[in-house]
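Look for subunit A in each of the two complexes below; its partner is subunit B in the first and subunit C in the second.
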Partner chain A sequence: MLALTENTSPNRQLAKFFIIAFAGVAALMLTLHYAGRTLSGGSSDVSAVDEAANSISILLRDEPPQLDSSRATDAISGMVLGHVMEGLVRMGLDSRLEGAVAKDWEVTPTKATFWLRDNAKWNDGEPVTAADFIFAWQTALKPETASEYAFLLFAIKNAEAVNKGALPASALGVSASDPYTLVIELERPVPFFDKMLVFPTFYPIREDFYEATNGRFGADADQLLYNGPFQISRWVHGSSMTFERNPHFWNQDEIHLDTIHVPYITSDGTASLNFFKDGRIASTGLQAENLTEAMRMGWQIRQHRDGTVFFLEFNHRPGRLTDNLNLRRAVQAALDMEEMVYKVTKLPGYEPGVSLFPGWLMGVSAPLREEHPPQKVVPNLAAAKDHLAAAMQELNLSEPPQLVLLAGDNPISNIQSEWVQQSLKAKLGIDVKIDKQIFKQRLAKMTSGDFDLVLAGWGPDYNDPLTFGDLFASWNKNNRGRYNSPALDALIEIAQTRLEPAVRMRAFGDIQQHLIENAVLLPMYERGVTYVVDPRIRQLKRRVIGPDPDVSRAYIDTSGE
Partner chain B sequence: MLRYFAKRLVLGLVTIWFIASATFFGMHAVPGDPLAGDKAVTAQIRANLEAKYGLDQPLGTQYLIYLGNIAKGDFGISYTQENRRVNDIIREHFPISATLGILAIVFAGLGGVLWGALTALYRNRWSDVVIMFLVILGISVPSFVVAAISQWSLVGLNVAAGTTVLPIGGWGSVWHMLVPALVLGLSTMAYLTRLMRSSMLEVVSTDYIRTAKAKGMPATQIFSRHQLRNAILPVITVLGPAIAGITTGGFVVEIVFAIPGLGRYFVQAIQQLDYTVIMGTTVFYGAFLVFMVILVDLLYGLVDPRVRVDQ
Partner chain C sequence: MSATDLTSDHFQRLQSGAVVAQTARPSLSYWADAWRRLRGNPRAMVSMSLIVFLLAFVSIGPSLWRVDPAAQDLDQIGIGPGADRRVTLAEPFQQWQPSIQDIALADNPLGFTLAMPANTQAVRLIWSEQLAQQQQQPRYRLYRNLFAPSDTGSFGLPLAVVDRSWFEDRLDLQPGTYYYTLVALDADGAATANAVTQTVDVIRVISIAEARQRGLLDAEETAELGQSLELAWHPLGTDYLGRDMLARLMYGGQVSLFIGIFAPLAFVLLGVIYGSVSGFLGGVTDQAMMRFADFVVALPFLLFMILFKVIFGIGPGESGIWPMLVAMIILLWPAPARLVRGQILQIREEGYVSASRLLGGTTSYVVGRHMLPNTLGVILVTMTFQVPSAIFTEAFLSFIGMGVAPPTPSWGAMCNEGIKSMLTRPHELLFPAMLISVTVLAFNLLGDGLRDALDARMRGSE
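Showing the complex of A and B:
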């Protein structure tokens, strides 16, 4: 009996406690509800596609780190800026260069002239003039701006001297003969100068607005002046953004959507897929493990190669084992990249690497790799062993050497480095020690040369084979293995300075051949992405150069598939 | 009381200074270069960047400048988000982490006390077994799994209902907070449940409970005045550090549920060697933790008169 009463009363007590707790939580949540609203400015529950509002919503992987176009370097800032700003030229939906603020242009070996359209306007209704471009480029070059991509402007006369602080910004070789004519003097002939102008560094900035922001240019939605198809109407850092159609944009006919929402910012792939399934976002990337589910759902899976090439880079510094050509060729003949891509990593959309130059680069009139096909490296175990024997003799080694492979610390990189380790051990008896490092530490070791082999990659900065072609020039700081060959340097100089497209493309073909013959690097794969798009959306464009994805020209079509 | 508080405060400041110094030198000792990106830059651009962030000064000078700025409450400009001040990052994102954290702590604290008391009362009965099984699960399953599963379940729920029952992520209303806060507080709740249960069982067999029973005190009063109040002490002890832990440990939950909290910046800054953000968030969180511990010690005195804080 006693036990019973002892239990029931505390039960009542607990029930009371529970009710009070519940009421307390409810009150707290109500408070948070209002506090939360004031904190982040409203709810983010918008639909993937809203026909009535003529809006779509997409997800960003990360907060755009830098919306000051003179300093932006990364893909996410590039994507956002590509929707709200417009440069002199842009990449069209057919991936060809087309006029944007410029209606016409002409590039000669000594200068480039751009004729601006007089109806291009800022979102406050003021016209976009040549002065806005001059100011933007001078700003990017000023030493105190400390822009990392200032080097893109170095083709312009005096640009490097301005960046050093040796000359004032006004000495930069750009001038406006009238508000709508921009004349650029070139330091040296640059055959692809107009193609470089799609990059954000070349977007216009209006001086009076820039000065009025007191150093906070691009830090918030109202700290930017827009001349693109959209303007940022709301930006809650790390949380959400809203792009609204810019009523002053000159080319309204090409723009269909009224609003683009970015309700979520997260780098989590699974979360992104969940938002897509829940009807919150119009497109999501797919990871390998999601493909079966995507097929079961009947989604139309699309592929896009993002333009980046990944390769195994050797350390060519004198004294390093990998400075030995026979050793490099042994590794080259032993590794089968098709096996790695198709049987080991098995990632959808990935293509085995055959050249430093990815397949999308254009030559004179066809893709570069069609005009100058790379020599195919066939895995050959006997040849690999011969090369290894020769290398051991040259290096005075009695047994196969031990090599250090520097790699990033992520799942894909782990699989690949273990594959390299296992293949070289099984085929050649070479011991590979994997040195796994996170991003910044890996970069530090690459720069100081603390490796034999490194898993590296390269993405393009502009739409010309030179963005890959000069990577192994002796003077290029991104040549982390310090490969140094006068023969290769001579070929790169031809590609840099000659104007005739056929001559340049032949030079790129020769560079490609040189890199393969000397096993300077081993191309591993070209990266691909798989993704799905809401079937009601048309003209969502994935790009290698320019904003990716580009929904600035997208529209909603509900007429069916 | 006041003297004790002042003493603790001074000691706290010394602790924060130590945290700041250790972080500063530790951070600079880590190999890697905060200014390095995927692409190498020319020597001139590099020099311009170094000058901008004061990295061209000797380390000792940098340290003094840092300390001076921190004393003024200025953490400088982020390396990765180049036109945002670290103060703004903390100001904008900490309230979000804190809101989520408070809710998670409330869930954890109330739930822990409730379930703990319940399991102690029903010791070795089926409800005890079931709850303790869930507790072990809650402690051992990592939060990214719980977060992913709960989000996946929410998608299933919304699809099945044909409407949005609960948002699966994002931030803005209390409905966005509910599930993330539960997920965030889950392991703490499980831990507190276990702590509360064992502490309740310990109290129940003490002399003063037996005395209270013997003098015929109503069971309700024994439970609330003696048992619960005595048993809750260890729970309060761990609550202080748990609050700091929850508000900082929200990284995974923030990423999965797309919540713009400070945890994200805290973790990403370290990965990217963003010196100013590392310093800002670490010193801020360090100060927060120190403050919480002091607060809990003071609270202790209120809950348990035997603990006199001024001794």
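Showing the complex of A and C:
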């Protein structure tokens, strides 16, 4: 008995220590939690839907690098700018083009005229005039702005010369016959010119405000002038944003919400799902791992094809192994994209890739791919091996080559690149090294040509097949593999310059055939987005072109259904 | 003092080999004594056998379990241990275009049915156009659910919007029960109340050609459709790409244990030499050497790891194990060096060292006989404690993508992948995490036991 009591006393002491330590840590955590909440202004307290305050909360994957519309390139900037700015035209809730700052317009082969509404105002109450658009476009084209999307404006007369510095910005072919009439002279006929104007590069910028920011335009909430339905009232870099209704916006009837909170900025899918479950954000995307849980919770799962096409792009620079047609054909015949989409990626809404042109693009009267069906590539192991043997002979190789696959560093592209690696190893004996890089680094390596294969994607900039069709033109800077074929260039010229829809669509059909026959790229899939939305929110719009998601016209359904 | 009157008679030669005194127990060498005490420590012994088992697991294991750790079994992605492997032989998959007979099938009260038996290749559904809300441009949305639809208005996964009266679902079909719901859409694409649900039982199938290709059937063996086979066995399940977990754990352990054992061995040895030289010489040399060690401590590990990767010319997609090893050896030796120096400084002043010197012991004798054995306990213990920390470092570096390159596995990299599907497929995280924990715990407990066993002052005690 004595031994027993002696043994328990240190144990009791240990237990006491443990309890004290536990209580201490718990107290510390609670203190820090409350301190954190007080310091951060309580932004983490907002709920997904606040009916009393007429506000909702959403999540951003990333912070916009800056919000100067003339320099914006990424989807996040596009999404934020789409809520706080308005261009001449916009995509309506029915996905049709509608007037925004412009109340009416007319496009002819030589010029485009836009009549602006006189009640469109900046958030300081000044009217939005034609001069604001002229200034924005001249700014975007100035060589010192170095806008990556300046090429979108090249349809305007002299734009390319201004961008190269050969002509002063004032030589740009845009003029205002009066403050509310904007006349644009076109360099060449562009049948879809008005559709291009939904892109942020075409948003207005007011000159006096731009100059007053001393080069910090768009860097902070107060360094930007807003003419859209909302204005940014608070922007805590790297952590949160708040949009508030713009009282000077002309079309108040369409806007229902008073505030949109962005309490979290994170690309972590699990965190996002947990925020949704806790009722802190109104919408979240779903990964393949979360689908079962979403079904169990009985959520109304929605799906949206975001218009982006993903493909394996080859490096066509001379001297590269992948410049060899037979090698490319071998890879083309070996990879079964249906297997990848249905068994590896496993997300609903993903469509196995058959063409560079996604299925939603319209042709003359029906979808382009129905008018010009792409040739189906059937995986064929025997053919792949034949092509590989031929390639090895042409390249003087005694054994299958080693290739470097450049890929993004995210879960989906990790799985896909490992699938490509193992498929090529098992079927053809080709060793593939995976070069995982973050987005910026991947882009730099794509531009410098430091890869054999790259997992790349392309989203549309405007609603015309040309946004995909000219991707592999020898002059396109986004042709990262530097594919160079006079035959393809000639087809792209037709699609760019001819006005007859039937001729253009046939050209796109021929481009599609050329890309498949020469295995210029291997379409992998068209991306779908699976997501859930708080059932009280209506009119949350997912788009292919324009800000996505768009909650600018959303409202809270208070019927309690 | 009188002159000595000792004569040779006073002295007697001892007989050699004569027993002077009897020792009760055989004399114990230092090592034998340490071993005896270690053996008496059950925790240390269990840990040691665990370590031996782990070493055998990663070295002999792969030759017993001959499965390619990179091979992808896309029919069994993310399955847990002991999953059902039964599969039925069926016709190979072919594109489907409904025939007149298929369309006639839809002529039933529900108007929504399977065109042919459902299997994992495809679920083919067909329905009557009577279900459409508007006859001109019929459009439907099809949902799939794993749970019986409730009245919450949730039908599960939206699969597609179709404008014809049939649909083929091929997305990630697993054996089991699915609930398909067809909702007719109105002219604006909004859902209407017109919804029908059909329960579908999916069986797993494989074509004969595929079965032969995977070695489930011998080339000569005859097989007929409908025959039941078993898919490849994965005792610990598979990961997110259908790769065998057991094989990956074995190969992954090679990397983890290689780093975990070689790196500490190398840098502790380096540290011991550096520390004992510094401590033994003392004075200005000691000061200079220790300030240099302080300098090395301040160098950032991750930065050097990246630098070595560049210096070694390790390209993208290649393993970063060697630069990791070099970075660990070059940057981590100061900790054991300081420890050993402290010990040597202390022992240098001990009485028995002075005695040994006075009795004419040379430097090498003093170091070899007295100093090293007395620091050995500290050295061995440091090393066993460094092993888990090295394994953790490897796990961490592979976790952030600086370690092994795919498809080579390592326990850390496997945890990194497994954590993404922790809630749905816990085994992908659990197994590598368990192995890391067991290894680390075993080395820690063994280190604990060794410290007790090797302490020279505890000689002879239980």
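Here is the rule we go by: the second predicted complex is superposed on the first by the 442 of 561 C-alpha atoms of A that agree within 3 Å, B and C clash if a C-alpha of one lies under 4 Å from a C-alpha of the other, contacts with A are read in each partner's own complex, and residues count from 1 in each chain.
Everything that follows uses one rule, which is that a contact is a pair of C-beta atoms (placed from the backbone, for glycine too) under 8 Å apart; a residue touches a chain by one contact, two chains touch by 3 or more.
Quick caveat, the model's predicted, so the values are computed rather than measured.
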**Asked** Counting only touches as set out at the top, which of subunit B and subunit C does A:E289 meet: first, second, both, neither?
**Response** second
**Request:** Figure out whether A:A444 sits in contact with subunit B (first) or subunit C (second), or with both, or with neither.
**Result:** first
**Residues of subunit A touched, compared between subunit B and subunit C (which is higher)** = B
**Prompt:** Which partner does A:L97 reach: the first (subunit B), the second (subunit C), both, or neither?
**Reply:** neither
**Request:** Applying the touch criterion given at the start, work out whether A:A390 contacts subunit B, subunit C, both or neither, answering first, second, both or neither.
**Result:** neither
**Request:** Mind working out whether A:D278 is in touch with subunit B, subunit C, both or neither, as first, second, both or neither?
**Result:** first
**Prompt:** Is A:Q303 touching the first partner subunit B, the second partner subunit C, both, or neither of them?
**Reply:** second
**Asked** Which positions of subunit A sit in both the subunit B and the subunit C interface?
**Response** 270
**Request:** Going by the contact rule at the top, pick out the subunit C residues touching subunit A in the complex.
**Result:** 70-72, 74-75, 77, 144-147, 150, 152-154, 156-160, 170-172, 240-241, 315-318, 401, 405-407, 417, 420-421, 423-425
**Request:** Quick one: which bits of subunit A touch subunit B in the complex? Just the residue numbers, please.
**Result:** 5-7, 9-14, 17-18, 21, 24-25, 28-30, 32-33, 35-37, 39-45, 59, 63, 65-66, 68, 71, 73, 143-148, 150-151, 160, 163-164, 215-219, 236-240, 263-268, 270-271, 274-275, 277-278, 280, 438-441, 443-445, 447, 459, 461, 476-478, 480
**Fill in**
Given the complex, residues on subunit A that touch subunit C span 270, 287-293, 295-296, 298-303, 338-339, 341-344, 346, 348-349, 404-406, 409, 411, 414-415, 417-419, 421-422, 425-426, 432-437, 530
**Request:** Over in the complex, which subunit B residues touch subunit A? Could you list them?
**Result:** 30-34, 36-42, 44-45, 48-49, 51-52, 80-84, 89, 92-93, 95-96, 99, 102-103, 106-107, 110, 113-114, 117-118, 121, 148, 151-152, 154-155, 158-159, 164, 167-174, 176-178, 218-220, 223-224, 227, 255-261, 264-265, 271-273
